[in-house]
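Letters A, B, C and D mark the chains in the order given here, with residues in each chain numbered from 1 onward.
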Amino acid sequence: MIQFNYICSFFLIVLGFYTIVTKYNLVKTVIGMSVMDYGVNLLIISIGYNPGGTAPIFTAGELTRASYFVDPIPQALTLTSIVIGACVTAMSMSLVIRMHESYGTLDTREIRRLRG
Amino acid sequence: MNFANMTDYHHFPIYAIMVLFLGAFIIAASGGKPSKNPNNPAGFRAWIALIATAASLCFLIALIRPVMLGGEVIAYWMGSRGISGGYAIGIALEVDALSLFFALLIATAVFVSAVYSIRYMVHDDCVPQYYVLYCLLAGGVLGLVLSGDIFNMFVMVEILTFAAVALTAFRTKVYGALEAAFKYLVVGCMGSTAILTGVIMLYAQYHTLNLAQLASLIPGTMNNATKLAFAFLYIGFSTKAFIVPFHPLAADAHGAAPASISVLISGVLTKSGIYGIMRLTYFLFQTMGLGRMQFMLVFIGSVSMFVCVTMALAQHDFKRLLAYHSISQIGYVLAAYHAMNHTLFKGLLFLAAGAVLHETGTTDLGKLGGLSKKMPHTTVLFLIGAFSISGVPPFNGFASKWMIYQASYQKAVDTGNIGFLLVTVIALVTSTLTLASFVKVSQSVFFGQLPKEYENVKEVPFGMRLAMGILAALCVVTGLFPKSVTALLTEPAAKAAANVGSYITSMGFKTSLPAVEVSFVEAGVWEPINWLLILCIALLAVTIVAVAGKYDRVSETTSENVETKYQLFYGGEENVYSQVGGGDLFWGFKHNWRHYFDFMHKLHSGVVNDYALWAVVALALAIVYMMIAL
Amino acid sequence: MTASIFLNGLQYLGYILIFPGFLFCFLCGMLLTGIDRKLVARMQKRVGPPILQPFYDFFKLCGKETIVPAAASRTTFLMAPLVGLAALVVIQLFIPIRGFSAFSGMADIIVILYLLLIPALAAILGAAASGSPYAGVGLSREMVTIIACELPLVLVLLAIAKTVGNAMGTGLCFSLSEIARYQVENGSLITKLSMIPAAVAFAMVIPGETGSHPFDTAEAETEICEGMHAEYSGAPLAVFKLSHAVKVLTMTSLFVALFFGGVGTGITAIDGVIVFALCVVATALFISFVHAVTARLKIEQVFKYYWTVVSGLALISLVLAWYGL
Amino acid sequence: MFKNLIAESTAKSPWLFHINSGSCNGCDIELVAVLTPRYDVERLGFKLAGSPRQADIVVVTGPVTKLSLDRVLRTIDQVPDPKCVVTMGSCPQSGNVFKGSYSVCAPLSKYVHVDVDIAGCAPKPEAIIDGLAKATEILKTKRGQM
């Protein structure tokens, strides 16, 4: 069933791309970026998943050869990635607010002073 | 831990990174209250940033001896967690000649730009925050190139993208700054996502994030997933290097950011992307048909070269023009080791543009003119940069471009691949087009007539000239001694890039890759020192004759009206302000290419969706190329 | 020991100042220009000026007052012609004359290509520094002409490098002195099939590089008041005129050195002086002929011509060279 | 020695700058005719310069209309020394048929020193050549005095 996770995560990434490319609203663009991010997070966490594994939380004595747990590294990576994703969203939203103030619109087709 | 242990040079890489992050932390902790000194609104914080960048540079210079000359690869495990059971457990820094080469470039650019910033940022508010971001950006890039861990590379990419986006939008009042930052953020974020996807796909295959270990594991186990991962990683780092099709972002970002940051974007950020691509192709994926990969890189490099130089010819804004040139030169960098010179002269040019902006308040080529009378030093420094980037002998741009021509043509002959021949021709023609657009800049900004409103313009403060002077001196020196520079810096870096085996073994992993001997054969001859000597003698001879013959004699005038005599000739009319410059200077050239220029202008629409679409298309093409060609 | 160093230095100084340096460039360049003017006049059924006319022009200009416009950047304005002249003379030092070159092994053909940019660049910067809008238009045209000439020149030089490299078995040969030596030993390059279009293309580039008819749009005296030199008077103008003359010499002797380096009787002294001189004069006459029978083109036509016809010829030559013909 | 050489060269290489100050074009055509194969003044070293900065001899044709006066004077000022001013045709010398018109400022000699007058309406090419040859002599003496 893990394949379903992979398909789903790539679907999310592509959905993010699709949103960014086709939607002309700045807020929707930001949403697209977030969706893309969630897709990658899902991918990371799925890669670390071992069917039937426990949570990778052990004290020094508990860890034995027989311990069976999910890969902890992707979880650490996901945490980092989530933090970064939140920062990206915050930053882009702040930019969107400032742009709305100075351009008076959220339509990307009108926010194109720099071109050519 | 005793002191002797602390000063061991194996610790220097982490010091070089941490001193910058520490600087950022101290500046942030000291609050955002501006100082009262009008010449330095950031007060002591500017000095902290300066000291941090200088210290970082010193640490890296100290590494030249063991790494560049000694050929050592420094492996540094953080927290002393090294390898266990054949797997890299800790997070590593890994410094070979290639890393150090890029790190030195970055540290130099960051240091010079910090010197420049002190006087340059006087007109802005929130300058303390500027230095926080500045140190973060510098630390992020340095961390990226010195890192031996691929996930750490991703984190550093995010840090530097963040700092760069914030700094691009730093002057929120500047025309289009917010917009440029947002576009950069969107496409940069897509790039980062691509990098992360690539990283995690590699991890899924090999269960390690250490570069050296990946490099030892990937050969022989290549499958479709790794190819896909490579495509993702390649596109991700391309967005950081701004090569085609991501060049419009660079143009927007450079135009809006303060000049000191433009220097970092062009000299530092793009280098991080280039470094990433090099690491990928030469280290991780060196077994997947290096010849084809090289050809792809060189091909994209040539496209970048040509597209961006023609776009630059059509620009009306000084910094935007420089931005396109920056990417055009990145094309040369992809093709070969032009990286160092690129950082030097591009930095110099952006600083000169910043000086013009600082004094006049505009970078519009159509409004400026005749500044050479008011800013003679800046003019000379700008001209050195312009000659360098255009590849006029004996400056450094020529030395490296010349090696590129020789090498690419040699390659074309050796492999019989006509593509490389095309690259040689494009490189040579691009160089002339570059010269053309810098003639345009010098005519429309520094020469020609001075507009009325700039009559009170003064030369920029000494601090800014000093920063430009350092870069100009480096440009001249590296141009005059290309052989020594090659021996000291670029050759070790090139050898390191080819020598994956030693990189892997020095980290403690096993590899079957043999050590490769790289030799440099040069087909041509060029001795800049002798040439310069002869030129100087010749020039001296001409000048002596000229001075002896009263070259600039002005006789007693016979006309009553002295003023009219020294006016310009306007067909008899009274002098009016008339400046030939701006965008249409090379009409004769553009007219023949008008369909191309129209097409390109429509293509660079400025809509963020379009640029995102390009990114997606590029990703798709990269995936297809990897799957089919390799 | 010191004496030999001194003598060596004196020898090199002699190279720079007398032959093939300044004095030689001055005399021969001026003579070539004089011949050019005379020939054009004869072709128009005029008597024409004396062959020494360029010398008179030069000395007259030296005796005129130099006016530096108030709007000009004085140092750049005055230094530009001198730098341009010095750079040109230095190029002439590198061009081998039948195997003899004053400073061999210091620059190859790609370097020469770039060194040729320096005089043009000096003229352009001088023009820009004068502040005149006529000069602005002129420098724009000059730059476009340079771009136009660059592509065919590049293709021709690559074709030569490949042909000589093929023949010598090294694959590639960029060195000018090697090319000259090869020709002395194995006959001129022009005898090779692949080099014929290249020679024609190079010959077409010479008028563009030197700014003679029909490609003299940059200094069109009747429409933009001498273009780049609109504000130049007196001695600096004289230096510019001299530079132009030297450039004619440089381009023609480069042409001869590249394509006719092996023509001759076999006796070195005669070949070195007489045959080479004859070849240079013949090339110059060809340029004059083109000058006399054509009218000035518009700048976009110049560009189009170079990037289609001339580049096409050069490309044919490169393709032929690529397949070893 | 050089002084002599330069003086000699000055006489052998006079460059012309032609100003039309409202002429009927008759003189202009004659001046150009002088450069054609039949008369060919280039054999004497004459050449038409494109800019007054490069000229030695300024040839003025036309009756110096009020609008052009300012331009003519400014252009003559902009010619570097030694220089010679030559009026060609009767107009700049007397005003010719336009004399007395409200918009004509002739003669030119009221405003600048004129070295040579070539009379005629329009002057014959032979006369022009003669006048120009005289101007070169004057140019040479002026050069000698510098």
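The definition used in the following text is that a contact is a pair of C-beta atoms (placed from the backbone, for glycine too) under 8 Å apart; a residue touches a chain by one contact, two chains touch by 3 or more.
Here the structure is a predicted model, which means the values were calculated and not measured.
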- Looking at the contacts, which chains touch chain B and chain D alike? C
- Please identify which chain has its centre, taken as the mean of its CA atoms, farthest from the centre of chain C. A
- From the C-alpha centre of chain A to that of chain B, how far is it in Å? 30
- Query: Between chain A and chain D, what's the gap in Å when you average each chain's C-alpha atoms?
  - Reply: 82
- Using CA atom averages as chain centres, what separation in Å is found between chain C and chain D? 35
- Query: Residues of chain D that touch two or more other chains: which are they?
  - Reply: 2, 51, 53, 78, 81, 146
- Query: Considering chain C alone, which of its residues make contact with at least two other chains?
  - Reply: 62, 65-67, 134, 225, 230-231, 234
- Query: Which two-chain combinations qualify as touching?
  - Reply: A-B, B-C, B-D, C-D
- Message: For the complex, give me every residue of chain C touching chain D.
- Response: 37, 41, 44-50, 53, 55-60, 62-67, 134, 219-222, 224-227, 229-234, 237
- Query: Which residues, counting only chain C, touch chain B once they are in their complex?
  - Reply: 13, 16-17, 21-22, 62, 65-71, 73, 75-76, 78, 82-83, 85-87, 89-90, 93, 103, 105-108, 110-111, 113-115, 117-118, 121, 124-125, 128-134, 136-137, 139-141, 143-144, 146-148, 150-151, 154-155, 158, 161-162, 165, 170-175, 217, 225, 230-231, 234-236, 239, 298-300, 302-304, 307, 318, 322
- Note: in the complex, chain B contacts chain D through residues 549, 555, 557-559, 561, 564-565, 567, 569, 571-574
- Contacting residues of chain A [partner chain B, same complex]: 13, 16-17, 20-24, 26, 29, 33, 36-37, 40, 43-44, 47, 71, 73-74, 77, 80-81, 84, 87-88, 91-92, 95-96, 98-99, 102-103, 108-109, 111-116
- Taking the complex as given, what residues does chain B use to touch chain C? 370, 372-373, 376, 379, 383, 387, 391-393, 398, 402, 405-406, 409-410, 413-414, 418, 421, 424-425, 428-429, 432-433, 435-436, 439-440, 442-443, 446-450, 523-527, 530-531, 534-535, 537-539, 541-543, 546, 549-555, 565-571, 575, 578-581, 585-589, 591-592
